[in-house]
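Just so it is clear, A, B, C, D and E label the chains in written order, and each chain counts residues from 1 on its own.
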Amino acid sequence: MSKPKVAFYWCAACGGCEEAVVDLNEAILGVVNAVDIVFWPVALDFKRTDVEAMPDKSIAVCFINGAIRNSEQFEMVELLRRKSQLVVAFGSCAHLGGVPGLGNLFGRDALTATAYHDVPSIANGSNVKPVEESKTPEGTLSLPKLWNTVKSLEQTIDVDYYLPGCPPPVKLIVGAVEAILAGKLPAKGATLAPDIALCDECSRKDTKPEKLTVTKFHRPHEIVIDDEKCLLAQGLLCLGPVTRKGCEGACTSVNMPCTGCMGPTSRVEDFGAKALSAIASIIEAKTDDEIVAVLDKIVDPAGTFYRYSLPASLLHRRREPQSEGVHKS
Amino acid sequence: MSAEMSTNGAPKVGVYVCHCGINIAHTVDVNACTAFAASLPYVTVAREYKFMCSDPGQEIIQQDLRDGKINRVVVASCSPLMHEGTFRKATAVGGGNAFMFQMANIREHVSWVTLDKEMATDKAKALIAAAVSRVVHHAPLVRNRVPVHPDVMIVGGGIAGIHAALTMADAGKKVYLVEREPTIGGHMAKFDKTFPTLDCSACILTPKMSAVRSHPNITLWTYSEVAEVSGFVGNFKVKVRRKPRYVKEDQCVGCLDCIDACIYKTAKVPDEFNVGLSKRKPIYVPFPQATPLVAVIDPETCIEFKTHRCKKSCAEVCQKDAIDFTQTEQIAEVEVGSIILATGFKTFDATRIARYGYGKYANVYTSLEVERMVNAAGPTAGEVKLADGSKPKSVAIVHCVGSRDAHTNRYCSRVCCMYSLKLAHLLKERTEAEVYNFYIDMRTPGKGYEEFYDRLLQENVHFVRGRVAEISDWAMEKQEEGKLTIRVEDTLVGVVRRIPVDMVVLSVGLEPQADADDVRRKFNISCSHEGWFLERHPKLAPVSTFTDGVFLAGACQGPKDIPDSVAQAGAAAAEALALIDRGYVELEPNTAYSREELCSSCHTCVALCPYGAITFDTTKHAAVVNGALCKGCGTCVASCPSGALQQNLFTDEQIFEEIKGVLKYV
Amino acid sequence: MSDSTTPQNFEPRIVAFFCNWCTYTAADLAGTARMKYAANVRVIRTMCSGRFDPQFVFAAFREGADAVLLGGCHPGDCHYMEGNYKALRRFFLMRRFLESMGIERDRIRLEWIAASEGDKVQRTINDMTAAVRALGPLSMEKRALLHSADLSAAIDKPESRPAATKGGAA
Amino acid sequence: MKYLYYPGCSMKSTGKPYEESMLAVFSALNQGLEELVDWNCCGATAYMSISELKAFALSARNFALAEQQAVNGETNLIVPCAACYLGLNKAQKNLEEHKDIRAIIDKGLASAGLSYTGRFKVRHPLDVLVNDIGLETIQKRSIRPLAGLKVACYYGCQLVRPYAEFDDAHEPMVMDRLVTALGGTPVPWPLKTRCCGGSLTGTIPEVGLRLSYILLREAQQRGCDVIATACPLCQFNLECYQPKVSKMYKERIDIPILFFSQLMGLAFGLDRRPLGLHRLFVPFDRTFPVAAAEGGAHVG
Amino acid sequence: MEQWHGWDKVSYESDLDHQFADEITSIPGGEKLFSCIQCGTCSGMCPLSTYMDFTPRQIVAMIRAGFRGEVLSSYTTWLCASCYSCTVACPQEIKITEIMYAAKRIALRDGVHPKRFPAQVLAGEFFDGVQRTGRSNEGPLLFRLFLKTKPLKMLGYAGLGLGLFRRGRISAKIESIKRKGELRTLLKTIENEHWVRRSPRSEHKETTK
């Protein structure tokens, strides 16, 4: 009998997830033996038409990484959804919107303006901007339409499983693949990672003071970091308490505070809101001024608490003035 | 959630909309609300009724529960602070679990505050929808019972505190009576006569004072203040600071030889008890019937404390060696089940109204000073004298000084009219002077009060309806020279009058004690704008507070005369007794709980609990909540980063659902 | 009610979280005293303002609230000693985040209202309703739930409460 | 330069001695005053009874001018006339409290090319002398202390009412403290702030003059040598009608009425003429010897 | 035989004007009129109440009850020297002085003020003077005032006038500001504003929706 067909696809993301697959090292051979990779643009030369040619549901499982932010990505994931029995949102971007999701703090126009004009290193006197269609002697060239709002995968298509992380830890990937091959999968919609926060597996776990409070926040470069002591207790804004474990403290073990790439536990609706609530609660300050003084050390709350999850958050994106909305429509 | 629900079968919600007579019905379209409720998911029964809180009203709910039509109850009526208890009970009686219930407040929060009928109905619908979508996720709960400590603490030894203490003690309860002054008796001990009966204040008070002293069930701690209160209803821990009086209370027999022996041959220190009208020595007893009759040394003025070179004649003369200069402040700690606050009031500081010349003109007195003056045991042995020692031929009594005035206190002090009438009578009786009462409105509500007013009218006391504008010493004409002239509009005649008098009595109003705010914080209760302690409900719980187990008696809750203070003291005692005799309290089950297997041991919650109810269990590697200590604020739940902590009756899920419900439909 | 949405007659929907001991009681007092105020605020009761979780605010916005009002005991008066301080800290941090999300300050308020301050409930609610009415609808709701079906609509326009937003546009 | 100075109409006529002595005293304290350029009537009381709005407008223009003129960031406008002091204060308060009024006035000012922010504070010289410059300085400067001079300090009404910006509305003390610092003896009396009759002395003399009479008689009976005033109208009423009053009440009324600033001038040892003493109806001829001790003034 | 010359003292509702109170409460400072408890402090404080036909307290009561005519034609308001004793002492913080001003303004507007007192003449003179010159000129002002009101008494005051003149405390010269135009524009613009305020009572009738 034939091996299960597997596909990988890469939407709005940095490529790290693709790396992560390669990071399987030897294990990847096992995978390759076990499965039949039918689509993997970054590694193998298959074309969209090849996928279109496949019968529906002919792909056993499709791993999609990256957020969805343009028409092409949307067409591709819809196509792959049709052709696949299982779709796994692979990595933070697909899972929660990821870093590209921070684009939702601005919107298309602002972003293009920055990228093609405002940035000091850009000389674009004639203020050229990408257009969806441009006529040339050779004919009409077209570009995918850049969306105004970045979406997580589940906000565009139906998703079966989620592999969190930026990128997903090898262990979890292997676990997931094995589960799939063995057909031992949890209920649909599950996140394929433990449902406890990171502190549980953090090397610094036992150094936490009984009563955890913060009087002043520091940024990692501002202080000499104690290698054993709980980072939060040292005044470093570590989101470990809010974040799913599974990475084995990849960052915290090397003195970098957790930034929350694994997303929240199943009990939490909105990662950033909860993180914000927890962090604010433990600061030692009473008067308005004291509180503001401590909190002001947290530059860019949005970027800090929603680094990987803005599109999947309750508020989803920055609110645009109504007028804008009107002229767009 | 499904787990929760299964414990009670698939949700079947009964919604009951109350008309509250017309209180709700006149602004909220009750029928529309009921119809709307019927259309909501999981709702199997929706009814409206005139008075849901009435027996037949409750019966409707119980019947539906018995018939198995419903397993969850929503009542849309008044505030949960009003009737939640009632309907939870009804739900339980009907065979449901008391906590599979939610209330929608469509009276206090809707019908009573909204004019537009349509908007009121919409708002009511929203609140009902919120309650329904929330109650679907309720879980059956049980109340914890904790025993009530049978002892009681009473703070304040005025007439209210005294009466409460005796009532409790006679019922066989152990009472700690704490008074900050060296003696109990409070303001009443300062008065000569009491209105309207004119019986002598001391004659009726002192027997009660000595009864307190001698009662086996009463521990009397004078010259003491409550330092700290912890715990909760039924189980309070109270720390009491016992100031040193430098005289051993158990030794002193009250012979007062020490006072005569004091090296100060004449008294030099203004006497607090006589509001400064007389002087006392550094070692003193406030007044002859002081209880306990134990001398006090005031270190501020005692030579020994100032110079350490006094020959201590007081100590020498004392046969009991009761004098002890080495005494220090003691902290006594006791456990009690209930607390009665009877901390009383202070009188208004008349210097705050410059126009009345108090402190500027020697013959302008406050009512309290005059109370002492007319008191046979007072500084003048009952004689009413002017500064120059002569008898006044005319006296003006000015009502509403520091009351009914936006610049001082807006409220009516309630007792001034009556005590002014009393003083008018006494002054007339003692001096045969012309006595004028200047009043805005004569307020004599009370048994025998109006009759007393009528009696004064007969005693040819002058009554001028008008608030005194100013009191000054400048003369317009001969007969005003050397006198204090009252300028006032006689509003009944519509003419401005100038009335020269020898003496002015300012009927000062009542104010909360200067430290009322610290006190209420100690006991964790609220107060009104003015600073009077706030009762749980102005009509239905007038002696209870929002903190269970803490009750109010007397003027600390608002201006009150003696009869009312005593009555309220009795009521407070009864409430406390009821609590003690039940023997236990049922705690709201709205406590936090930890799903220990989900805890990542991040320690965020531990520091947040003001009651130390959360500890970190190093063997379980999880934060654990002590349900007995938890008071159910939910602060830890809101900050638990991984949702391992939850709060009964306020789970994340229940609140999220409430939010959805309140916005989904209207 | 919320479909008449020109700024003048737009009726904002405001969700309030009041603590049981001070602000909720004050609201009851306002009721007993028959003080009339805007009907736009719907109160959800928690035992203490310390229970307030920013998730609740965002959820309320997503469910269609135009603003959120938080009420607790005055500093020093918290029935649970310090819950209101925790609320205050969360509030400050949350407000900074909301600014970067383009949500006006007036849409989220924290007020200390003591049990005796019925009049303050009336004042606060009237003020806030007026302020939010002037701001127009928030229309942040449900955007995160949109699926491919309505994507075309969802992608380019800021998604919005059906009728509600157009008025706000004016 | 720290203060702008708004004279008001009276200071230029009946109140001339007030202006003269005040300016003299301030410069004696090296405290220059810069007069507000092209100031107009404050809109005072009588104006109020016809059109309140216009009264506010008049005041507003003065503030607007002040704000223009305040190149060195001055924010204090010294106003010696009690009526103007009240008028300007009242306008300012109303512009703060009532948005609708503010809107109209702003519109009016704009039409005249003016604007008002309300950053100027109206200050009475008494307030400035006692609270900014300080009694100590004043005492030091008093080389000829008013030894033994019994002074009835008369504040009048509008200086402390209704706003009581710098002292009690019924029992003000600043002037008493000032007189003490000058070496004089303030005589306690209860009529400090009782109305002098105001404009009624002109419109309804039988009433207005009686009010003056009450004050004059009381001060005399308490053996005062002089009544010190802080308002041109008060001074005018109390001084100029004395013959009339004496006739009306068949009682000899004869007591000098000085502006507090004139007393200061005397204590400072300034000449009589620049203090406008020659402009008085009831002459005040007392002179005061230089204090023996250096630094001069003793505290009475 | 003698006949009884009594008169009917009852006041009929039809004689009263219940809008009057709203008119008064609508002026800045009039808001609290209705919280008056008739204690008489205002009258007691007022140094002029003894000369008034109605005491300030009665005026407040009458305004509240709608005795428009009686209030506007009474001497009381014109005897008010605006010393604010009443206002600062009122236990209900009613700004009585402002209410007096309001009554005066209305009386002048409707021309129903008592004719005996020259107070309104003074006001009028003052007003015109300031309109014209931007300043008030006491000398000419008093002069015109006496001409208008009691020419005969002039002689009585001639001495005083002369004395002031000699002491340089009064002059016939008309003081005036430079930028008159600016002031005129300002006042014109204000005049054209239709300034309507609503009484708190009518506000209360429809509470915010």
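Observations on the structure shown:
Going forward, a contact is a pair of C-beta atoms (placed from the backbone, for glycine too) under 8 Å apart; a residue touches a chain by one contact, two chains touch by 3 or more.
Note that the structure is a prediction, hence the values are computed from the model and not measured.
Least step count on the touch graph, subunit B to subunit E: 1. With respect to subunit E, maximal separation of chain centres occurs for A (centres as means of Cα atoms). Farthest from subunit C, judged by the mean position of CA atoms in each chain, is D.
Separating the centre of subunit A from that of subunit E, both taken as means of CA atoms, is a distance of 75 Å. Centroids built from CA atoms put subunit E at 48 Å from subunit C.
Rounded to a whole number, the gap between the C-alpha centres of subunit A and subunit C is 30 angstrom.
If you average the CA atoms of subunit A and of subunit B, the two centres end up 58 Å from each other.
Multi-chain contact residues of subunit D, defined as those touching 2 or more other chains: 170. In subunit B, the residues that reach two or more other chains under the touch definition are 115-116, 119, 355, 470, 608, 635, 638-639, 652, 656. Those residues of subunit A in touch with two or more other chains are numbered 268-269, 274, 277, 280-281.
Interface of subunit D with subunit E (complex): residues 9-10, 12-17, 38-41, 43-54, 57-58, 61, 94, 97-98, 100-101, 104-105, 107-109, 111-114, 157-158, 161-162, 164, 169-170, 193-195, 197-200, 202-204, 207-208, 211, 240-241, 278-281. The residues of subunit E lying in touch with subunit D in their complex are 27-28, 47-48, 51, 78-79, 81-85, 87-88, 95, 97, 101, 104-105, 108, 117-124, 126-127, 130, 134-139, 142, 145, 160, 163-164, 167-171, 175, 177-179, 182-183, 185-191, 193, 195, 197. For subunit C in complex with subunit A, the residues that touch the partner chain are 53-55, 57-59, 61-62, 75, 85-86, 88-90, 92-94, 96-97, 100-103, 136, 138-140, 143-144, 146-148, 151, 154-158, 160, 165, 168-169.
Interface residues of subunit D, counted against subunit B in their complex, comprise 168, 170-171, 189-191, 214, 218.
Looking at the complex, you find that subunit A touches subunit B at residues 195-200, 205, 208-213, 232, 240-242, 245, 264-269, 274-275, 277-278, 280-282.
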